[in-house]
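After this come two complexes, each holding chain A, first together with chain B and then together with chain C.
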Partner chain A sequence: MRNWRNIGEFEDFLDDGGIVEPNDDIPDPYRKAVFRFIEMHANSEYMGGLTERDWIPKAPGLHRKMTALAKSQDEIGHAHLLYMVAADLGIKTREEMVTDLLEGRTHFHNVFHYRVHSWTDQIAVAYLVDAAALASQQAVFKNCSYGPYKRILRRVIVEEGFHMRNGEEMMLLMARGTDVQHQMMQESINRWWLPSIQLFGPDSKPDDELLRWHIKSERNEDLRDRYVQKFVPQLLAGGFTIPDQDLRQDNENGKWKISDIDWQPLMDTMRNIGPDSSRRISDAKRAWYDAEWVRTALDDATKAQA
Partner chain B sequence: MVAKAAIDAVRAAVASVADPEYPDLNIQQLGILEDVVADRSSIRVDLVPTIMGCPALDVIEQDVVAAAQASGHDVTVRFCMSPPWTPDRITDDARKILAREYSVAIRPRNGVTSCPLCGSTALQPRSDVGPTACRSVEWCPNCRNPVEVVRSREMGQK
Partner chain C sequence: MSPDETANELVLAFADDELCVGQNHSWWIAVGPFLEEDLAFTSIAQDELGHARALYSLLSDDLDHIAYGRPHQEYRSSHIAELLCHDWTSALVRHVLHDLAEEVRWAAMLDSTWVELATIATRAAAEEQFHVQHGLTLLRRLLSTPEGQLRLSSTLIDLAPKGREYFAGSDSGLVTSGILNTSLADQERTWMKRIDDLLAEFELNVDWSGEPPSQGRYGTRSRDFSTLHDEMVAVLQIDPLANW
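Right after this comes the complex of A and B.
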């Protein structure tokens, strides 16, 4: 067990690239910050898995069904690993975290506060949203100071990369499809562009403790900008338009500049009053209690084996 | 008849195809590449999936065809269910990389699984499957990390 005399010494350790392990004497503020961050990530994976699950019966064809099934398993599995690490930090039990989520007392990513209306919405989620989530996870992984979280992220990133490849493939299929398919995809891009951009959050504050403690490694605005530079040309190449009237390209450096962002929609999702928040939360609650018998049966089976 | 040199070239090219879930490892190290066979005019690559219904099969197939093409040969891919894939097919090098890079252990045929991070043998089972159907999730009470363990695919066998 390592310990540090004061927060300054701890921060020096972090600045030198030190990795914090659960058996260390972790300073309280860091423990709380890393816990909140992982809990939010776990909640988001869980809610994302439920969204994906909705499309298993509706996916067009066996092939897409298998993918939807595997993606649901990935997301729920990631939540499972993350809740284990979060619970180990000793601030809340796993049961408390689940209850808080289902009672709407905690948060999950803004993108899961919107309704997925159609199969092309689902493609937009796989292509635009998963890419945004992946970009922010990669930025955390790069320099993450909490060991167990960094190790989970390593696997999460590979699996999310796989989802993105799948989303890209499906988006290109629609881009080259019939006029109707192209139009459907465009409508979904119109719905999901802004939520994807907002996933990175408002500009980071200068004194952001997540940055100072190397939980995050890049500023929100930098990640957002990189995303814009990558996805604007990709969407245009697919023959789509970007739902931003003031979008323009700098003549000198060729960089894309989006219009000012109205952050109110993000703030609403953070208060669980987004467009689909209440339905999402009550759906998650129903799914949780519907599966009570499965958990009981598994627990009983484990006890019987022991 | 396809020349032996062509078969060897395809084998060399497809052996280095990265696995989609473990990009640091290739399909040969994981024991997914079974054989490269040829008849009079065509070459076929036989692959053994780690698990039935693995969602990564399409991607592996595309990557194998592309790698063969890059070596100047067209191939077809066949997924075979026999011999069955087992974790025994994973090479020793690959095991070290799985442990170090992915916190993933392989369940030995006989004996106890140890934590891929700290070596503790006190792992506690948490769920039979994890983010993927081919790995179970366990908790290491010593270093306090969740770890994943590659399962054997026979039903009922952990």
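Right after this comes the complex of A and C.
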């Protein structure tokens, strides 16, 4: 077991590119911060699966249905891996994390507090939301100081990349599609643009400990800006408009500038009072407690065998 | 497509069973008893839809039309496959009954003289081993507990006879021509024996004495089918000519 005499020495280790492993004598503040971060990521993958669930039975055609199923399987798989990595930090068991989530004591990303209203919303989630999530995850992966999380992220990022490309393919199909499809896609972009932008969070604080401890490697505002520079031209090229009246392009450097963001919707999701928070959480909660007998019976069967 | 209409009808019925069960399993994403089960049901759902797709491809080049575009009376699915199963107990029981039946049905096609069908059966039979193992392991463990017995026994005893419809329909001439190596009646007997043996481990009995159901095979749809089919085509119908 590696240990450090004080937090300063630990931070020097991190600054030198050191990778922390679960059997190290991890300083408590770091352990708690990395745990909270991974728990939120796991919760978000789980709730992401639920968000997309509404439209999988309605996915148009065999190919789309199988693709949508595979994507949701990936999301649930990510939650599964991330909960195990978080549990290894010894703060909560997986069961405690799920219970805390369903009782509203912990959080998940803002985008999964919104309802998927249509098939093109499902496309917007794959295209806009997954791309935003992927950008954040890539930034964490690049320089992540917690070994088990970094190793899981390698796989998560590859799979999220497939999701984003799948979303992009479907978005382009709608862009070139019938008037009805184009209109539906535009309405979905109108609904999902701002939540996707807000996924990056408000500007990072100067003393952000997640940055200092190399859990995150880039500031929120930098990631958000890069996303805007990439997605505004893509959407415009598809013949869509961006739901931002003050959006403008700088004459000199050609960069896109979005209007000031109203952070209240994000704050609401952090209090679990977003547009679809209560239905999302209550659906998951009902399913979880309805099936409690299965978990208990399997535990009993295991004990009886031992 | 086979020149033998009975063979085509058999494949269509099997494909429709797979389509309905795949659709039904997909309902369980993210709401199963624990994450591993969410993953298992989602994975099995993909396999079943893959089987449907492979079987439909023997009958038509327009897969989405044959899968989703027929009038209800032209589907040939068994009613047990159409059953919505929005409680996990019946979802698990149907999964076990369905996959045990599939195992027997694919085995009867492994050396089919319809070569493309034999190829599909070989791949599907390999996948089925995992489905069956998953379903049986879980069911046995749960039935070994008092709570599991209480919750599952009546559903098992109630649903098992409905599973006989998996083997309903005509197989006239199919064994002679080598499309099947075992008649539907013999497949049904094999499947019933497997169910009887399984239930006997837990001192349970199924009453097989009733008339075996077969309406689904002749075009009558169960009440649940409309709900299932409405969801399947909800987006396609927004603009049936569009490419989604």
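By definition in this document, the second predicted complex is superposed on the first by the 288 of 306 C-alpha atoms of A that agree within 3 Å, B and C clash if a C-alpha of one lies under 4 Å from a C-alpha of the other, contacts with A are read in each partner's own complex, and residues count from 1 in each chain.
By definition in this document, contacts are C-beta pairs under 8 Å (C-beta built on N, C-alpha and C of every residue); 3 or more make two chains touch, one makes a residue touch a chain.
Just so we're clear, the structure is a prediction, and the values are computed from it rather than from any experiment.
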item: First, second, both or neither for A:Ala70, with chain B first and chain C second; value: both
item: Touched chain A residues, chain B compared with chain C; value: C
item: First (chain B), second (chain C), both or neither touched by A:Ala287; value: second
item: First, second, both or neither for A:Arg151, with chain B first and chain C second; value: first
item: Chain B versus chain C as contact partner of A:Phe162, first or second or both or neither; value: first
item: Partner chain(s) touched by A:Arg295 [first = chain B, second = chain C, both, neither]; value: second
item: Chain B versus chain C as contact partner of A:His80, first or second or both or neither; value: both
item: Partner chain(s) touched by A:Ala237 [first = chain B, second = chain C, both, neither]; value: neither
item: First, second, both or neither for A:Leu173, with chain B first and chain C second; value: second
item: Shared chain A contacts, counted only where both chain B and chain C touch the same residue; value: 66, 69-70, 73, 76-77, 80
item: Sites on chain B touched by chain A in the complex; value: 20-23, 53, 55-56, 58-59, 101-104, 117, 125-127, 129-133, 137, 139, 143-146, 148
item: In the complex with chain C, residue positions of chain A that touch it; value: 46, 49-50, 52-53, 55-62, 64-66, 69-70, 72-73, 76-77, 79-80, 83, 119, 173, 177-178, 180-181, 184, 283-284, 287, 290-298, 300-301, 304
item: Of all residues in chain A, those that touch chain B in their complex; value: 21-23, 63, 66-67, 69-71, 73-78, 80-81, 84-85, 88, 147-148, 151-152, 154-156, 158-159, 162, 165, 302
item: Chain A contact footprint on chain C (complex, rising order); value: 22-23, 26-27, 29-39, 42-43, 45-46, 49-50, 52-53, 63-64, 67-68, 87-88, 141-142, 144-145, 147-148, 151, 231-232, 234-236, 238-239, 241-244
